[in-house]
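Naming follows writing order (A, B, C and D), and every chain is counted from residue 1.
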């Protein structure tokens, strides 16, 4: 019986899960690294445990410390969110071994899907089509590069290098020319080791001009495994999604049925439980290939929630509690679009940016949902992923959803830190986005030399007048004091308060 | 062809309509009384016309000035919102006579429905059941009270006094005891004259223990008149709705069909065009009676939007443009609840309150919609209706919607002005609200001597510590400067800017 | 760190103890969390985030979904509470005066009708007493806080 | 009311004229609208609401969905723009140094690999030139704005 959930995550997804617990009447515990004190998610939890340590490895990835926090607070379940420990079968085993409920699939299912090679084999056996490719597992470091080179030769160019236990674009490199292979392979391996502690690399044929379509699945312990339709997430930069929508703009009911059935078959093949996503590449030919299964809640789950009316996180809680899921037959209504708001310089190869969120005013009005982990006055630091928030809109039709997204992005004011808001706004006016003909190479095709904000001399001049005028009027003297104020130091009683009274 | 809309309103409904125009790619003009300069809605319009005058009569009710503003800015349509001139047939005629499109039904339809007596006759003829009652139209002021007294005798007690051309609870009084009749009638008449310039009073049998159920209708010029299901708005204080939901918690598909058909018949009887609402009383017996038809968009339209997936304001724009409405068959999903956030002292007979919104932090997260006309730093003044915002939640089920509303109200922080947030929060825990057995007398029954916030000595003590601690820490010295700052005076160039460059 | 706040039962004196970064009051503890937000620990160990802001002399405090107001009394100043005047709760217009000067009234008697925000509000006697002065007549505008009538409490 | 701002083409001098409550600059006009918000009138008569806030020396301006940054130069101070140093765009760790001191490089040559926010970033030469100094070695932590290498521009 789930009565108190520890959320082993931070930022916007921690906020999402903590609010769901609060609505469900379930107690909640947040964990918090010292540099996250004062973050929004810590305010939404019933209790907060301050972790010891500095790096991510010492805090949000420290399994022993997290399980101890659950035990000291009397939490009986752990929700991993996404990223961090969410796809570590070993952690899921640890959680269960300590008598806690793991909100997610079994460690066996995570293992089978987490290892790209095993997943491919399992899928092939279940009759789900997979992309041609192979994995290189070479213990001798000196020989790895050679082995990778040979495998690349067999798979053929263009190809994609992926960390075997990766995700989120880390350790991923596209190689179009054999001459670039060595440098790309070394970088991919280094990133893979740094991010996942596992340098195995998987080489896959790169299917250019394909769409990235994924199917959300839900499975409970009462024998029910269903899908909630598709999301199209083709628009990616650096292999990371930035623009996601549901339903897919070119999807047909027949294809949805076929892909949905394949996704359900994939989940059933590993006795899946909870929420998961089966990712496919949809080729221009109409064929689709299994890419991987994400055995956790996904960043872009809100678009599915808005068009299906299912609260996926709430269903996760129900399923983990042994209840049947509450949603009925699939019923897709209207259209939802999500954009990911990053602190990054889109005009400079999407370089992550940092700074204070001196002004942070999200758009308002009907049909807009903002899943944020930050608020005005917060600092964006280099310690974590630069995703600030997700802006999601819903409207009765795709064209209205795009109109709403344009309006919402125009209204969004963020000052003090460079963000990709203008890039996202331009994306909404790009022809492939308007057509719904986006593929995984759309951004590279639209801006082969990188994106730059459109020049508008009138606005630029006006902005100069504003800067000069604001200085003249002394607006900076009326401003709220900056971001240094009120920061709670590591010696603050905040830490001990939560430990003293679990 | 609608290409630029003047919104003849202010506050949250002006924001709602201006954003809809922006999304639809339609130009927009706001009108603004001098005491509304700097208000949120003026920022959402493409152009703003500053009205001359002080009182509401001289500004938002000044038909000539509003039509002149439309003409000088080249607007080709007027959206009246609700309240103000929205149900003045004379204004609708004026608008059309000046070659502008009136976004609403014909003046004849407004007249037929606006006059309670005519509406009753029309409805009876259309086969829609009405409540027993009668109107008193007595020109000789001295004899009015006598005539009202006699009519009251015929209708019987308990009874309800209503302004014939009223709405929104103004000029309305319930009388349970003949001894209270004279005072109530005088007050109702005075309020009716002050608010609507029309002192005619209508006396109706008071059906206690009934539910207030209303049906949203839409009609286009292509012969299609549909209903979007019901809203239950039984929970009222001072005859003003505070808690509205869709679908009705006790509604059956059969009753929805019957009431929906009656509402469509009512609309068709007056050749209705656009969005309107037919209000019914649903007696405990299951019988329903026509109350009145509101020939405009309604405050509580968002709950219907959330469960049906129809953007009602967008459909208004389409219909006024001569297009067929875009929505398909009625499809109700999940449950939506709206509460009206008032600046008022719920513990003191709901007396309107004023003050600065020194802190205004709405709740966030999935399933929450806030339609607001204010933002942090604004002042609440006695010049206008004290409704600050509408908080609306959607969830897959009614019980989850109530859970979400509780969480949302707990998260809502408003400091500097007294509001009814705590009252609304308590309402969510009241048994009739949990049961769905609310009637129009629920609030009076729950709190016969008036509502008071529950006493919690621990929290009270803690709040005292916070006040003392905040003073000690000097939090007030770090605060943003108060509400007086940056107010644009009447002599500001803002006024002339908009007039100079239409 | 001693403060005085007004309450319906008279002034309350609050003396805080400082313990490191925490401020304490009989089992309750307070630390600053972030801009305008404070972390409160209750005697039972529960904690909550409080929002606080000061408007004029009044501290507005939001805590666990509840909002409290505490008027701080500057040391040495006298409270204006007990003067027997009936004040306008908000700006508006006097519609009707229902009593005469010198008239004896019971608690609850309606004394004046005020119009504000398009609604009528009745000003009623707070205690049994005698109307000693009427400051406004029908038709006059009144500012918020204006003393409308003086009521001498019955002994 | 003269201000100097930095731009890619050198400093810009801006002199505003005051006209009543409005500030003007060649056909553009500006008035204060509300806290942190300004009303701008464009030469074609169009108007828009601008948000502006200052962080350090930089004015951040939001206007019609676009965000602009203007670094204000205090009169008398010198700009640090033209020093030829390649600075760390954000705090991070040096993963690899790809050049030697004294090496001649072409514009676009990768000089250093930096890890920040769990991603690798390459520091590339901004012009043809010669590496005169390397300030950090692999494994070292660098602060944002730290000069990583000095590059002498080729004549």
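The rule is short, and it goes like this: a residue touches a chain if its C-beta (ideal position, glycine included) is under 8 Å from a C-beta of that chain, and two chains touch if they have at least 3 such contacts.
Remember, it's a predicted structure, so these values are computed and weren't measured experimentally.
Between subunit C and subunit D, the least number of touching-chain steps is 2. More inter-chain C-beta contacts link the pair A-D than the other of A-D and A-C.
Centroids of subunit A and subunit B (each the mean of its C-alpha atoms) stand 40 Å apart. Subunit B and subunit C have CA centres that are 30 Å apart. Mean C-alpha position of subunit A lies 50 Å from that of subunit C.
Residue positions of subunit C touching 2 or more other chains, listed in rising order: 32, 35.
Shared interface positions of subunit B, i.e. residues touching 2 or more other chains, are given as 478, 480, 485-486.
Taken together, the subunit C residues at the contact with subunit B in this complex read 1, 3, 5, 12, 14, 16, 23, 25-26, 28, 30, 32, 35-36, 38, 40, 42-44, 48, 50-55, 59-70, 72, 89-92, 95, 115-121, 144.
Residue ranges of subunit B in contact with subunit A, taken from their complex: 15-16, 19, 22-25, 302, 305, 309-311, 314, 326-327, 331, 333-334, 364-367, 369-372, 395-397, 400, 403-404, 406-407, 478, 480-481, 485-486. Partner subunit D is touched in their complex by these residues of subunit B: 38, 43, 47, 377, 480, 485-488, 491-494, 497-498, 500-501.
Every residue of subunit C that touches subunit A in the complex is listed here, in rising order: 20-22, 29, 31-35, 37, 39, 41, 45-47, 49. Interface residues of subunit B, counted against subunit C in their complex, comprise 170, 187, 190-191, 194-195, 238, 348, 351-356, 358-359, 361, 382, 384-386, 409-411, 413-416, 418-419, 421-422, 425, 453, 456, 458-473, 475-476, 478-479, 482.
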